[in-house]
Structures are given as C-alpha cells and as structure tokens.
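Read the structure below first, then the notes.
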Amino acid sequence: MKIAVFAGSFDPFTKGHESVVLRALPLFDKIIVAIGNNTSKNGFLSIGERIELITEVFQSETKVEIDAYEGLTVDYCKRVHANFMLRGIRTAADFEYERAVAQMNKSMLPSVESVFLLTTPELTPVNSTIVRDILRHGGDVSQFLPDKANVYKLIEKRKAKN
Amino acid sequence: MKIAVFAGSFDPFTKGHESVVLRALPLFDKIIVAIGNNTSKNGFLSIGERIELITEVFQSETKVEIDAYEGLTVDYCKRVHANFMLRGIRTAADFEYERAVAQMNKSMLPSVESVFLLTTPELTPVNSTIVRDILRHGGDVSQFLPDKANVYKLIEKRKAKN
Amino acid sequence: MKIAVFAGSFDPFTKGHESVVLRALPLFDKIIVAIGNNTSKNGFLSIGERIELITEVFQSETKVEIDAYEGLTVDYCKRVHANFMLRGIRTAADFEYERAVAQMNKSMLPSVESVFLLTTPELTPVNSTIVRDILRHGGDVSQFLPDKANVYKLIEKRKAKN
Amino acid sequence: MKIAVFAGSFDPFTKGHESVVLRALPLFDKIIVAIGNNTSKNGFLSIGERIELITEVFQSETKVEIDAYEGLTVDYCKRVHANFMLRGIRTAADFEYERAVAQMNKSMLPSVESVFLLTTPELTPVNSTIVRDILRHGGDVSQFLPDKANVYKLIEKRKAKN
Amino acid sequence: MKIAVFAGSFDPFTKGHESVVLRALPLFDKIIVAIGNNTSKNGFLSIGERIELITEVFQSETKVEIDAYEGLTVDYCKRVHANFMLRGIRTAADFEYERAVAQMNKSMLPSVESVFLLTTPELTPVNSTIVRDILRHGGDVSQFLPDKANVYKLIEKRKAKN
Amino acid sequence: MKIAVFAGSFDPFTKGHESVVLRALPLFDKIIVAIGNNTSKNGFLSIGERIELITEVFQSETKVEIDAYEGLTVDYCKRVHANFMLRGIRTAADFEYERAVAQMNKSMLPSVESVFLLTTPELTPVNSTIVRDILRHGGDVSQFLPDKANVYKLIEKRKAKN
C-alpha cells in the first residue's frame, strides 16, 4: 500500500497545497495531510481550526486523511507506516531548503522517499507566510485559499466566542 | 500622474536605497518613501529616527515624499493613489521573494504595477540586516549609508536624551 | 520624453513579452520593440516574419514602435535616444543573467537605466526557446502566443512560397 | 495502470539516473526510459549504444522498458499512454529549467503530471555534460556510471569496428 | 604567518564543518575555530559545551585553536591578527548570503580575505539548523556529527547535573 | 610547496580574473594561470594572444606563471604537481556549476582541493562572454580589462598582419 505524508504547518492551507494533493491522488493509495505542531512558531490559526478547514476541503476525497503531529516528521512517518513524503515546490529557494530536509530525512529513514510535485504556475506566488500576513492585517485572501475552506467564517466564529 | 510607493523597513536607509530612488526619479512624478511600521520586528532605529534620516537625504528633491504606514502595503497604495510600487533588487534570493510579494500584490490590487531597478554593483552587498547588525555592535557603517544621513549624530542625540 | 527600448530576439514574441510591453505603456512615452539581429544564432522565424507578427500585436498601440538592429544594444539605444531599457524577468536564473547585462550596459552607457517588470505568474513558464522547440516539432503553441500574432498563418504563407 | 516516462538524452546514462529510476519503481507499474533523439546536439554515444547500456543496467527489472523517440516528449507520452513524467533534480539551476518545461508540458497535455525525485547527495555533482566531456578526453568516469553499464567495453567495441 | 578564522555558531559543529577545517589545514599556519557568541539566538548547546565538543574533534591537530568571541567578526579578526576568513559553502542560497557578508567584511577590513571551500557532496544536506531541530526532538544525528564529538555523552552529563 | 592552478578560457582575461589572482597570491607559493585549449569553442583571441596579454598583466609578479593546456584540467594539475585549484565565483548561477565541476574533480583527483575567492562587488557583472560579445561588435571594454592588458593594441597588430 502506497501511503504518502504531506506535512506542513498549513497556516493556512492554500489553493497551492490543495492543488498538490489533488494531483498526487492518482499516485498513492492514501495521502495523510499532517499538520506539524511546531509550538515555537506563533501561528494565526489554531491546530483545531486548521484541521477543520482542511477537512472541509477534502470531505469528498476518501483517500485523504487529516492529522496533526508533534516531533520529527520522520518519526511520524514511521508511526503511520508511510513510504513516501509528498512535497510541493514553488521556487528555487524552496527547492534548496526542501532538498536539504529531504536528503537528511532519507539518511535517517531510508525506507521513505520524498516525491515532489510542482505548484501550478498561477499559484506559484501563493506563499503561506505572505497569506498569513495579509490575513492578520484583515486583507482579503479568498482567491488564494481553496473554495471549500472558508477561513472568514472561522474567524467570525472565533470572534463570536470571545 | 505617476505616483510610486517605495516601501520598506529602512532600518537603516542605505546608499543602495538612495541610489534606487535617485535613478527612479526620471520615471515618476512623485516617489513616496514609505516606512512600513511592522511592530513585530524589533528595530534598531525608531520610526521617527528613520523619517528624520530619510528626510535629510532627500531634502532637495521636490518629487520625493517620506511617510510611514501600518497595515498592508496594497492598502497604503490605494490610500495614496499610487499606481506603481518601486522595488530595488540585489540578488537572486531577493528576486524570488520580491516576485512572490509583487505577484500577490498584483492579484489583490491589479491597478498597481511593481517596477524593479537593480542596485549598482558596488552596493549589491549592502544589506540592511547586516548593516543593522554592525550598527548594534558599534561598528562603522558610514560607507554604506547616504552621505547626508548621519546615523551617528542621531545615536549621539539618543544617548544624550537617556 | 521617456523612450524605452525593449530588446530581444523574439523568436517568437510570446504572450509573456506582450504582457510586459502592455503593462509598461503607462510608464513611457514610447516603447521600441527592437529585434536584435544576432546572426550567429540560427532562428526559426526570419527578422521580417518577426516584425510582421509583432506589428500585428501592437497595431492599435500608438506608443509602440517595432524595429530591428545589429550590433550592441547600448549603441542602438544611443541612436534612438532611449533613456530606458525595458526588461521582463521570469526566474531567478533569468535574473542573474539580466543583472550582469544591465550592470555592464550601465557601465558603458550610464544615461540609460534598465527597468524590470515581472511576467505574470501564469506566463512565467513561457520561454521562447522552449516555444521555438515546440514550433519546430510541429506542436501547438497558440496558447503561449499573443492572440493577434498568428504564427501558423505565417508558416502556411512560408510553405506556399516554397 | 501507472506509466511514467523518464526522458532524457542519457549521453551517458549515469549513476544519478539509475538511482532515480530505482527509487521511483515502487511508485509506478511501468517506467519507460526514453532517449530523446535530439539530432541537433552532437552526441558522444550513438542512440544504439545508449540503448545497449541502459538495457544492461535494467536487465533484471521487469517494470523498466527502454525506448528512443523523436519529436516532442508530450507527443511521445500520448503515444505510449503515459500519465506521468518522471524527472530527477540535482540543483536549483536544474529546478528552474525543469519547472519551465514541466509547466509548459502540463499546459499542452494536462493529463500528464510531472513527478520529481532528488538525486542522492553523493551523486548530486554527477552531470552528464561534464561526464561526457571527461569521456571525450579519455578520463576515467567509471565511478559516475552504473556498475552494470560498461561504457569502456562499448568504446573498445567501437574502435574494433573502425 | 597565515592565520584563518573559521567563525560560526556551531550549534552543533557538524561533519561538514570538520571536513572544511581538515581540508583547509594545508593552506594555513593556524586555523581558529571561533564560536560567535550571538546571545540573541537561543541555542541548543551552551558555548562551553560547543568548545568542549570542538576541542575533542581537533585534539590531535596542533594547527587548530578553538575560541569564542562576542561582537563583530571583523573586530575579532583584527584582535587575533588573522589575514583570512575561512568559509564553507553548501548551496546557492548559502552562497548569496556568504557573498554579502564577505563583501561587506572586505569593505570594513580590506586586509582580510574570505576563502571558500565546498562541503563534500554527501555532507551538503547537513545543515546545523536542521541537525539542531532533530537533536531537540530527541532524534539520532550521530551520522551528521564528527566521530570524535559525542554530543549524546554531553547531553547525558547535562541531565546528570540537573 | 603550495601550487595552485587558475584554469579558464580567459577570452579575454578580465579585471575580475586579475583581482582573484592578486588576492590569492598570499595563499600560495605559485599560481599557474592555465588557459584551457578548448578547441570546440570558437574564441575571439588566439591562445597566443591570450598568453601575451596575461603575461603583460603579471610581468612583475614572480609567483605567477602562464601556461596553456589541452585535455582535462585534473590531468593538467597532476602534470604540474598542483595541490590546489583556484576559482573565482561571481554569482549563484556560477556557484552551482563550479560546485559540480569541483566535486567531480575532487572525486577523480582527491589530492587537489578547490579554493574559491569572490570577485569584488564592482567587478561582479564582468563576464567574459559578455565582454567578448562587446569586443566582437567593436565596443569599448577597457574598463573591464586589466590596465596592463591592452587588447586594442593586440587587435591593431592583428589587423596590420592581415
């Protein structure tokens, strides 16, 4: 069984991420979208909110699972018996960093292979950090997020709670 | 009327920044040097000190205005009716980031076009982050700053106050 | 008067090139699309054919002129009294080369400033060399070329002649 | 059925290429190593010799087929009903070019997805162009070629014929 | 006398760092491995622990000295009468940053020349930041560290103390 | 004895090359500027002319020798008992290529270490290919060439002969 882990902080999960998962579906039997619970970075969305949004996006995809994890990605891969790590690459700068991570992961866990897909050209500039920054300043990022992931409804809900 | 916004944190405003503005002057009717008031980054110079320094640099240039803003750069551009964003690029790494920002800005505000000038070769290594680091350690960075921007006089003034 | 030279081999002139010229129009009083007659490279389209295609693209733009030249671009700029060179950049690799050329041009002809616009994200992969290669193999490149530039009609015409 | 085309000029097929194919085997039902017959480049090995060498490398791999083709890679993919293009990437410079090619291929043939694997770190510097150059000058490149691909036996055979 | 400073945060000192120093030994009369005491970054190993580990690595190399410093690297170089700064480069992204730093250092202290060696291919992905991250999560990084630098014994010792 | 080979096609030898050799002099006992006689590239200057020019540049430097060679650079290094290869790097694109060459050379001839110096910022854009192109079109490249290397006198001499 071909199990791929698509790990990231997904804060937020963008149209670029969605496109990578959808195009990778024919390659794998299961893709786990795994939210790395990196506590040191101060996030915009909570882990719970991210899970809620990504679940909406893939509600009709039976091969996609959503999860969150702490610790090393290679340890998580071992735990869920993944044999592949799925990655999207946008730019040459991304590539250099992705290569270092993938090659070190390979040294530590040789049974897992990193597989890369490109983002589609019109989504290449869509970068989570910039999207998050716009969100923080109250800008409209709908065009960069999956149609099914209504981050604004979520933000409303959050405000209602407080 | 051709209005360009030259946005940045300018902490400090370097000879590289000065050169970009001066060479861009013939292209535009007005260039607004706009200091992004990014409160999360801990700066070396205060916003007031940065305005003071940049004002000294362009005191005889009637087409240059100095301003500070909070929030998204695209929102600021709308407010000041800018139709261009002026950017300087130094390296390929800069370029990748600048491209992502410019293309996302273009998606959000299609009426504003990003225009790039190169830094001059001898100023290519002059990087605000490194300059700020040297300043913090008490090093001499005069050769990297505009002749008219006396950051040391400013630092003296600051010490006198405390 | 702000005159920009947009120089290239344009073999063929793509949608990416068209987009750069159209977005640069508000910046300049005249843009000269100048086909560098580099005899050493073996082209797909003749200089005459390239002029014909680019003329079709900009027939309704009074600020755009089309020309061809031999020799150095800086010498051509002097001849047509240009004060700007317009360039589009797609990738970091492009950028490094463009920077070297622009900085050497600036050393030889300081009165001319290179101004860069980005290609739009969906046109970033559109690369003349690859397009030309597809054309040579009889592939369909219409989606990469300006709507008004019918390269296939031109190829038909060429075949009819022979 | 998951069919991937691994296209290239493979002049010569290196240990880097071999490693990409072997690591990609679990992902696909069939991998076609397809030698692009690009007549304009002057090669070192003939197409026949390249087929001979690559066949030796994968003689025991039932999922690997070797083929040569002329014309566009996308047309070849259609012909052999491939739904994936397999690519190895070594460096950031590679990446930029690979991205342009993959994104243009995707525009022309949306049913085929490009899938990238990294070369292993110790094989990253192994570049066909440099290997070919060393071969031409009579240097020893055995360490860069698959153990089963004896290019020197082939060169001996060739000399014997002349 | 040829004195080189090999400065870095070395948190931890990796096999990649070790390889650069060993290969540079024939070039210099003395190499000072100098730990930059950058208090703002929150480290994994204390300065004392780093000194202990690096000392173990080079205990039999009479030309290698270990030191720690605060403030600017150029000021440290002046103090120890170094005429060279030794740097290792792994990737193009590294290179761009290294170039900016080296060229600004050269402007401030023209008597010191930066000399670059490459990491060996199999050590190219070994990046201190990623290694430190793995260490923090309790992963096994022995393969990325010098054989003589037992970081785990050190961590045990640290635990024993607390 | 520390012998470095500085190999290249040097067509022409630029101010950038000169600067690298001069700054490397304190590191080595002998630097051999070695012109690779790559017959496949069609050059502008003959090997004889290049030797003549480089000889003029270093006439007063007793540690610099000028030579030309055919075949592989590693074979040349063995022949002249060099233990170092000296390289200048200008840009990230250069770096990627230089790294591949250096790492393959290291695999073939482990006793020779590649040592890299940076070009100075103002010489970074000076690229032999562009300089040669300007020379071919009769442009003035004096500012990019060593003061002592009068390429124009050489061209005059050449014309006089014909």
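Here the chain labels run A, B, C, D, E and F in written order, and each chain numbers its own residues starting at 1.
Definition applied: a contact is a pair of C-beta atoms (placed from the backbone, for glycine too) under 8 Å apart; a residue touches a chain by one contact, two chains touch by 3 or more.
Because the structure is predicted, anything quoted here is derived from the model rather than measured.
The chain with its Cα centroid farthest from the Cα centroid of subunit A is F.
On residue numbers, the A-C interface is repeated by B-F, which shares over half of its contact pairs, out of the options B-C, B-F or A-E. For the pair subunit C and subunit F, the distance between C-alpha centroids works out to 34 Å.
Subunit D and subunit E have Cα centroids lying 39 Å from one another.
For the pair subunit C and subunit E, the distance between mean C-alpha positions equals 48 Å. Across the assembly, subunit F contributes 91-93, 96, 99, 102-103, 121, 124-125 as residues in contact with two or more other chains.
The list of touching chain pairs reads A-B, A-C, A-D, A-E, B-C, B-E, B-F, C-D, C-F, D-E, D-F, E-F.
Across the interface of their complex, subunit C is touched by residues 90-93, 124-127, 130-131, 134, 137-140, 143-144 of subunit F. Touching subunit E in their complex are the following residues of subunit D: 91-93, 121-125.
Of all the residues in subunit B, the ones that touch subunit C in their complex are 2, 23, 26-27, 83-84, 89, 92-93, 95-96, 99, 102-103, 106, 113-118, 120-121.
By the touch criterion given at the top, residues 71-72, 74-75, 92-93, 96-97, 99-104, 107-108 of subunit C touch subunit F in their complex.
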